[in-house]
């Protein structure tokens, strides 16, 4: 009897995550979708003008900007993260690994507001003085986000590299390949899907980051024309205006949330299921 | 001209070495900046007195209390739920469509950015359930946010418990629940603790989800329905609005030090567990 | 073990909720709480007022939250707060609330102290924010793009700026947006080429306030109505306020309260 009770209680616990996910979806969609109906999907997704108190809800520049900072972050954090992962799995000794791996993971523990703040104090003036523009820009945001996604890229690529069987490496080395040739031609290709997953999860992290982005992006509404222009992402649009918004303006922010949620779900799905199944 | 593979090899080794240390260097520089700029302003007075004049003067006591209350209550709710889920997934079911669906839920929840948790908490807890900006709304939102971390790490920890221990327990005619309770959970406890501590670290550093649910009142929260401010939110407001750079750096130092020490302790426990089982 | 944990958990929750309820009823006997929310521009000043007020009235706790003028007005309608703060005039449909004018605030156009420009006509400021003037050269300074900063949609300060400066023109969408007076000021204080607008009360030596059409933004010029970019700071109540809420409002309107506001660079109503 007790066993029975325990089993169903645990099952209820397990279902809670699903329930919460469902709640989040329902409430964000519930608040966000009516405006799609009212203002029109095309007007919101492809509209380039955001003046929610005057009836314009276009978030196209923010969608573009979100992807721009995400790719920017990936260009900076992707290769560097992969290099670190390769170093950790292939080159570093056991002792080194024991020190480096936790140290790199600690980067994930630094709160995003601290990254944003240091970005404002050090990166933004640097960009302003040496490259021009206001400093609050696509470039500064990409740099900060690039560092922020490093721990995600490193730890997942590392796991993927470590799961490549030792025999692959031994076989290649035995055939006279150098260590780098082995890594380049054998190890990395075998871990390809895991590395790809790490990049996509890194993208998910970058596209969802809010506070650091608000602080360094400048939040201008126009699509940036150069890497030195300020820009506004989907996340910062929500956080900037949520506290003030009422009526249709608030609904507009929830519509922004719906678009963000859909993008994130697609990325997560690709990273967790699409890629792993392919390998 | 072809460069000799051996030379490439040396070059690659040096380059990778540099990149790895550069990355660790970023961490070191961040901690160093915060430490150098923040430590002159930290003293007992700063920790035990509450902010005055929007945080321009005084300390951060009320925000420390706000942070501790938020984190402890969230952990209290999320740990039974998370560990329960992990036990169910590992001990009570075989892999099936059902577990796949639950795992999908957990993975999806883990990928949702904190601003969306904030948006949800704001519309559901704060507005629809009429909690207002309150500790309670903050706690419930944070609970949902940290749940996936606790589930994943607990699952790993439970899976790492050797089969043989379970078999021994069953052979002594223990029931499934007794086995879980007396054998599996105690062995998995350090691993579970690691997950809980990593979640604590995440909750302490969170801003976006909390500012829209718990609000940002500087008063000490005295009940679940009071609004309050965590250290991270306080730091964000101090730094962003330029209220006081000295206090901002000092708050950042306490914030970063507490998160790093929690995380280091968590990794330490995890390493002990790994070396114990392998 | 888990049963025990569950019990501890339950008792903890009940303890917490019961003690909070007890707390509240205890407070209800001896202490009153006033919840105030709304405009981020008004908030710092009310926070200051409340600190002084609580020294003299230890039995009343004043809880000040930001959230924005519009949010404050909404919350006031829902009666979730005692007093709403607004830094803009109420719209037609919001007039049901009771307005209490606590002071006036000038909006100052600010630039970096290094910027040599001291005075601009209103029309040039409008041209900067509508994107027609993009370079400092057009205003007689160096050849460098202007880094203009505005406030976000829905902000009371932006509302007042749009009404008093922009008139019928729109703010250009290439201009940077920040969500508080403080963060606008931070950027202007650190970027030599920036221009923004903030509460007169927040102007200090880190930024330079511009004169508009030769008239400086200061208390004399606001009192004599020569400086035109001025908006009211309002308290809003839904119906007649409770006794302890009225005590606080009276304090704000008293000489002591108004003096505190004046010291912060605002223009009193007494």
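Lettered A, B and C in written order, each chain numbered from 1.
The rule is simple: contacts are C-beta pairs under 8 Å (C-beta built on N, C-alpha and C of every residue); 3 or more make two chains touch, one makes a residue touch a chain.
Values in this document were obtained by computation on a predicted structure and should not be read as measured data.
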Chain pair bearing the highest count of C-beta contacts:
A-B
Per mean C-alpha coordinates, the chain lying farthest from chain B is C
Cα centroid separation between chain A and chain C, in whole Å?
34
Expressed in whole Å, how far the mean CA point of chain A lies from that of chain B is 18
Give the residues of chain C that touch two or more other chains, as numbers and ranges in rising order.
66-67, 186
Mark out which residues of chain A touch at least two other chains, giving numbers and ranges.
120, 243
Residues within chain B bordering two or more other chains:
80, 240
Going by the contact rule set out above, which residues of chain B touch chain A in the complex?
5-6, 8-9, 12-13, 15-17, 19-20, 22-24, 26-27, 30, 33-34, 80-81, 84-85, 87-89, 92, 101-102, 104-109, 111-120, 122-124, 128, 144, 147-148, 151, 175-177, 201, 204-208, 212, 232, 235-236, 239-240, 248, 252, 255-256, 259-260, 262-264, 267, 271
Chain A-facing residues of chain C, complex:
66-71, 73-74, 145, 147, 152-155, 170, 173-179, 186-187, 190-191, 193-194
Using the touch definition up top, name the residues of chain A that touch chain C in the complex.
49-53, 61, 120, 125, 128, 132-136, 214, 218-222, 229-230, 232, 240-241, 243-246, 249
Provide the residue numbers of chain A that touch chain B in the complex, in ascending order.
2-3, 6-7, 9-11, 13-18, 20-21, 23-24, 27-28, 31, 80, 83-84, 86-88, 91-92, 98, 100, 102-107, 109-115, 117-118, 120, 122, 147, 150, 154, 177-181, 201, 204-205, 207-211, 215, 235, 238-239, 242-243, 253-254, 257, 260-261, 264-265, 267-268, 271-273
Within the complex, chain C is touched by chain B residues 52-54, 73, 76, 80, 130, 132-133, 181, 185, 215-219, 222-227, 240-243
